[in-house]
Amino acid sequence: MTTKYGARNQIQATVGAIKTGDVMSQVKLEAIGTVELSSVMTTDSLKDLDLKPGDKVSVIVKAIHVLVVKE
Amino acid sequence: MTTKYGARNQIQATVGAIKTGDVMSQVKLEAIGTVELSSVMTTDSLKDLDLKPGDKVSVIVKAIHVLVVKE
Amino acid sequence: MTTKYGARNQIQATVGAIKTGDVMSQVKLEAIGTVELSSVMTTDSLKDLDLKPGDKVSVIVKAIHVLVVKE
Amino acid sequence: MTTKYGARNQIQATVGAIKTGDVMSQVKLEAIGTVELSSVMTTDSLKDLDLKPGDKVSVIVKAIHVLVVKE
Amino acid sequence: MTTKYGARNQIQATVGAIKTGDVMSQVKLEAIGTVELSSVMTTDSLKDLDLKPGDKVSVIVKAIHVLVVKE
Amino acid sequence: MTTKYGARNQIQATVGAIKTGDVMSQVKLEAIGTVELSSVMTTDSLKDLDLKPGDKVSVIVKAIHVLVVKE
């Protein structure tokens, strides 16, 4: 059975550059097409995930965190 | 001068279906490639934005709200 | 292989009462011990998850969303 | 009169290990039962709270920040 | 002893109009000066807070949720 | 045409002190009246915004991220 997430936004992505900080770390993510994303998490979570560039991951974002701007 | 956002994730998208609720509303967004996104905002904000299907918008998500999952 | 989440807070819980709204829905969750939690998600996500009282779920919260208060 | 929070999730916890970073800091929290939580806040907020291991605190999480996952 | 919050943004405000929805509710808040704010919470939390227009409340926002835009 | 944001809280502010960290940075913001705010963003976003003390910015906060507390 596949894992199901209670969130509207679920994107398949590939891990890119990783910047490891003292408490927080940042991970670049290449999604389908030309969309480039970034995630910030604790450095502890980064270690638990054991992420390496090239890893395939799922990117989950709750719809409430998505801001729409009309210019 | 262009507007600059203090957020890592900035995606151009086209407004799709809109579901208007009593307090909160939901907007589907078609991003570049095949990525489909959703945003939830107050119905008041939806009215202020005056969104219609086909409108071009920017989608802004702070990196801290992006969850990475490795299956 | 087990699913790994880029978030510090991961709690096993059992689904309790579900309140389905027009756009947003609310799910009560009984965690280990006597901790009772609630989640709000879109009604669309609720349907995708196909949650029923008694279901076993994982509750994921990024550490940045946890507010500490000292009274 | 007791303080009331506009959030569904309110857990009593004891402060555990604290990791102080340049801008952000991380605090481990032992909640009732065996639930272990983490909070990330600015190092400025950490100093204002004057947290020490063993301190009793309230942990507040808005329901919208709680992600439900069904594996 | 006063309550201390692990969040950078703490504003004193007066409750204004309240819009009660099925699952989520919206509260207008008049802060010091001419700043007008809004909060969305579950209707359950609204009932627990027992908010009425004119009530004095504290408005807490973690710094990570504040988006800076430069036009 | 002016930029429109899908968020209830939009405050004009002036940039104050900036603290640049390894991954995350913190910006103080002086809003109208006596309200002082803080934002945390990635150091990458800080560089993209090219913020300097005295800059005029817009501060955007979605209503769902605003916690109301009644003491």
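For clarity, chains are labelled A, B, C, D, E and F in written order, and residue numbers in each chain start from 1.
FYI, a residue touches a chain if its C-beta (ideal position, glycine included) is under 8 Å from a C-beta of that chain, and two chains touch if they have at least 3 such contacts.
Fair warning: this is a prediction, and the values are worked out from it, not measured in the lab.
Chains that touch both chain B and chain E are the following: C, F.
Comparing contact pairs by residue number, the interface of C-E is reproduced by B-E among B-E, E-F or A-C, since over half of the pairs coincide. Centre-to-centre spacing of chain A and chain B amounts to 17 Å, using the average Cα coordinate of each chain. In terms of their C-alpha centroids, the spacing between chain A and chain D amounts to 23 Å.
Shown for chain F are the residues that touch two or more other chains, namely 3-8, 21-22, 24, 26-27, 38-42, 44, 49-50, 60, 62-65, 67-71.
If the chains shown are joined wherever they touch, the resulting network has some other arrangement, not a path, ring, star or complete graph.
Annotation, chain-chain contacts: A-B, A-C, A-D, A-F, B-C, B-E, B-F, C-D, C-E, D-E, D-F, E-F (touch as defined at the top).
Across the interface of their complex, chain D is touched by residues 19-22, 24-26, 38, 40, 64-65, 67-71 of chain F. Those residues of chain A that touch chain D in the shared complex are 1, 3-7, 21-24, 42, 44, 60, 62, 64.
Of all residues in chain F, only 3, 5, 7-9, 11, 15, 26-27, 29, 31-35, 37-41, 49-51, 55, 57-71 touch chain E in the complex they form. Within the complex, the chain B residues that touch chain F are 3-8, 27, 39-42, 44-46, 48-50, 62-63.
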